[in-house]
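Note that the chains are named A, B and C in the order they appear, and that numbering of residues resets to 1 at the start of each chain.
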């Protein structure tokens, strides 16, 4: 446990060492929120308007919720694993008496902590200048469901990242490209971090809800907003859990195969 | 004239080179292409579904809103296609290889700005042009408005060029290119929707200070016949001023360039 | 004789901002930058005739590379006059740039992911080299540098030595009249160094190109340059032919003895530094001025069979220059 604590610390410090990168990354997050916020603000400029089952307060809460949930779920360092494999640095790690997965999970947590810190600050700042109506959830059960779904989302995302990062085991030059495709495009859109999934037609929604993606961002926020509760909530959590376990198993399988392919090729 | 032909020839050779580099990485090529196309599809369907619910956006009809989005993509993709090399400027300055570009009898700015056209966008540009044409026709513009649209698109590209030049000049002085160019992209991304949706003072900033509005929103508005003559004149003036200022900034940066010591 | 390069009272100062470490430091640097002026070149003057091959030597940071960069138009001189082929380099006029070339040992112009021939084609367009001239020039360079087989291989797959030879081809395709070479052999193995040196020598003679060369490699200077300019701390402290350099900077002479019988070597230490003893041969180093006195002393007091006085090795002298010790000597 102690060694993971020092990994946490050193990882935290590392982000500070590259503070320009980090600050820029946060600035970009804020810009994206501004884009989405004003879009919805315009759509709901008439205060009485209800669209896709959202009123003004709920949709703007959704947008602000993205900020917090994104920093918790989508902030992670495990994308660097691809580079580790590409450069061959992974061998040094594997020789250490430390679980490689736990090492990166710890780094993810550290990244989440730092990002959350900033996200809260940005949240406060944007809240003061934009003054959106805000929906405060007080139902304890909904809040409990919210935190549970976040925990599952973090784990699902970790597995997805590691699976994507395994690609360089077979194709070293594809590391950066596959992260671009999977995390920057597919997950960005299908998780609900730009818009709520339920504005899409029902058929598309149904297909998406079988996939793990909406459970990363959309589902937790919906639980918070109280738009998902009771049996639907339980069903969603079950699917989340199913994906968390399945992806963990698949990830382990791919990883071990990849490691063997990597060692066989003698890189 | 001879000079233009010479530069076209050099541009052609450099572009051919960057194409053959890219084509040698077939799988990467496919992945990035898929990514770009998916992003476009996701965004346009998102817009489409919103508009199905709302019918209008900030007073614009569905077709108009989609046309704004397409115009944004047109300018954005063309700038990416032409100026991709700017993304590779930092290593050149840091390693000092930029020295060897400066001692060549060809404009160094031309080389670092346009030396690596992006083959990916060569594939995505034609469909976007077609989409712009198709949706544009649905808005049934007059000939004059169409001509204005085209002129303002060129003006928009001029502003995009000025942005890129300024980023490169800043890169010489601060050795920082990657982040500034990403911020440029994030700001222009705000132009996916007509800048009318933003509240003041953001709207004003996006119109005059960082003229994303003039780059992408205004051409589309011109096609819809929603621009005053005064607006047109001032945006051309702004485009030209932007280019002049950025070129000045570039020459200033060059005098500050102290090439990395060996 | 025609002067190809004229440098008169050239001064170059760099303004650098001193950075304070830490986040707060970064802010304070941003708000009130502390400027410091580094004086890289302090008033240097020299001229080079057409077809001359001149070696620039001196310790790190002496200003060698800065001089080359000013001459090739990369840096704006703070004061003084520079004229190359009648042009002001800083204007970087295309007509000027077409007649010069700059090669730097650690910098690339070749496109990394492509075969070198593609860069050559690009340079042909940039320098507007007529097809016929290009072909002749390429053939000649390729043969001289023995790179026929490397032309169609991706540059990143080549060794440093192979790449350097191709860099030279790329730099010389337009047959420049003036060639600035900055550390052309840096990081190369001995064989590769030799190839580059032979080439530079041949090229200089064949095309009577004016070549300015900076190097940290003694062999480069000894093999190639008849005239050397020693630059230290931004000043020229020597400008002349290589042999004079020794007379100027050698502080010691070497005395070689053959003894007729074994003696206590401690006695010899009183006369000079004993460099080696392999009975009966002894090598001593003595200060230049004391050489004659030392020799007569040796002949009188020791069983000496044979004695010669020699100059220091050129390598040793140049080593002194590279270490930056030459400045002290030149002040004497």
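Operating definition for what follows: a residue touches a chain if its C-beta (ideal position, glycine included) is under 8 Å from a C-beta of that chain, and two chains touch if they have at least 3 such contacts.
Here the structure is a predicted model, which means the values were calculated and not measured.
Student: Kindly list the shared contact partners of chain A and chain C, in label order.
Tutor: Shared contacts of chain A and chain C: B.
Student: Taking every chain's C-alpha mean, which one sits closest to the mean of all protein C-alpha atoms?
Tutor: Closest to the centre of all protein C-alpha atoms: chain B.
Student: Taking each chain's centre as the mean position of its Cα atoms, how many Å separate chain A from chain C?
Tutor: Each chain reduced to its C-alpha mean, chain A and chain C end up 56 Å apart.
Student: Report the inter-chain centroid distance for chain B and chain C in whole angstrom, where each centroid is the mean of the CA atoms.
Tutor: The separation of the two C-alpha centroids amounts to 46 Å.
Student: Return the distance between the CA-based centres of chain A and chain B, expressed in whole Å.
Tutor: Whole-Å distance between the two chain centres: 30.
Student: Could you pull out which chain B residues touch chain C in their complex?
Tutor: Within the complex, chain B contacts chain C at residues 6, 9-10, 13-14, 17, 20-21, 24, 95-97, 99-106, 255, 257-259, 261-262.
Student: For the complex, give me every residue of chain B touching chain A.
Tutor: 25, 27-28, 31-32, 34-35, 38-39, 42, 45-46, 49-50, 53-54, 57-58, 176, 179, 182-183, 186-187, 189-190, 192-193, 196-199, 202
Student: Give the list of chain C residues in touch with chain B in this complex.
Tutor: Those in contact with chain B are residues 14, 61, 65-66, 69, 72-76, 92, 94-98, 100-102, 104-109, 111, 113-114, 118, 121-123, 125-128, 182-183.
Student: Which stretch or stretches of chain A touch chain B in the complex?
Tutor: So the residues of chain A in touch with chain B come to 20-21, 24, 27-28, 31-32, 34-35, 38-39, 41-43, 45, 51-52, 171, 173-174, 177-178, 180-181, 184-186, 189, 194-195, 199-201.
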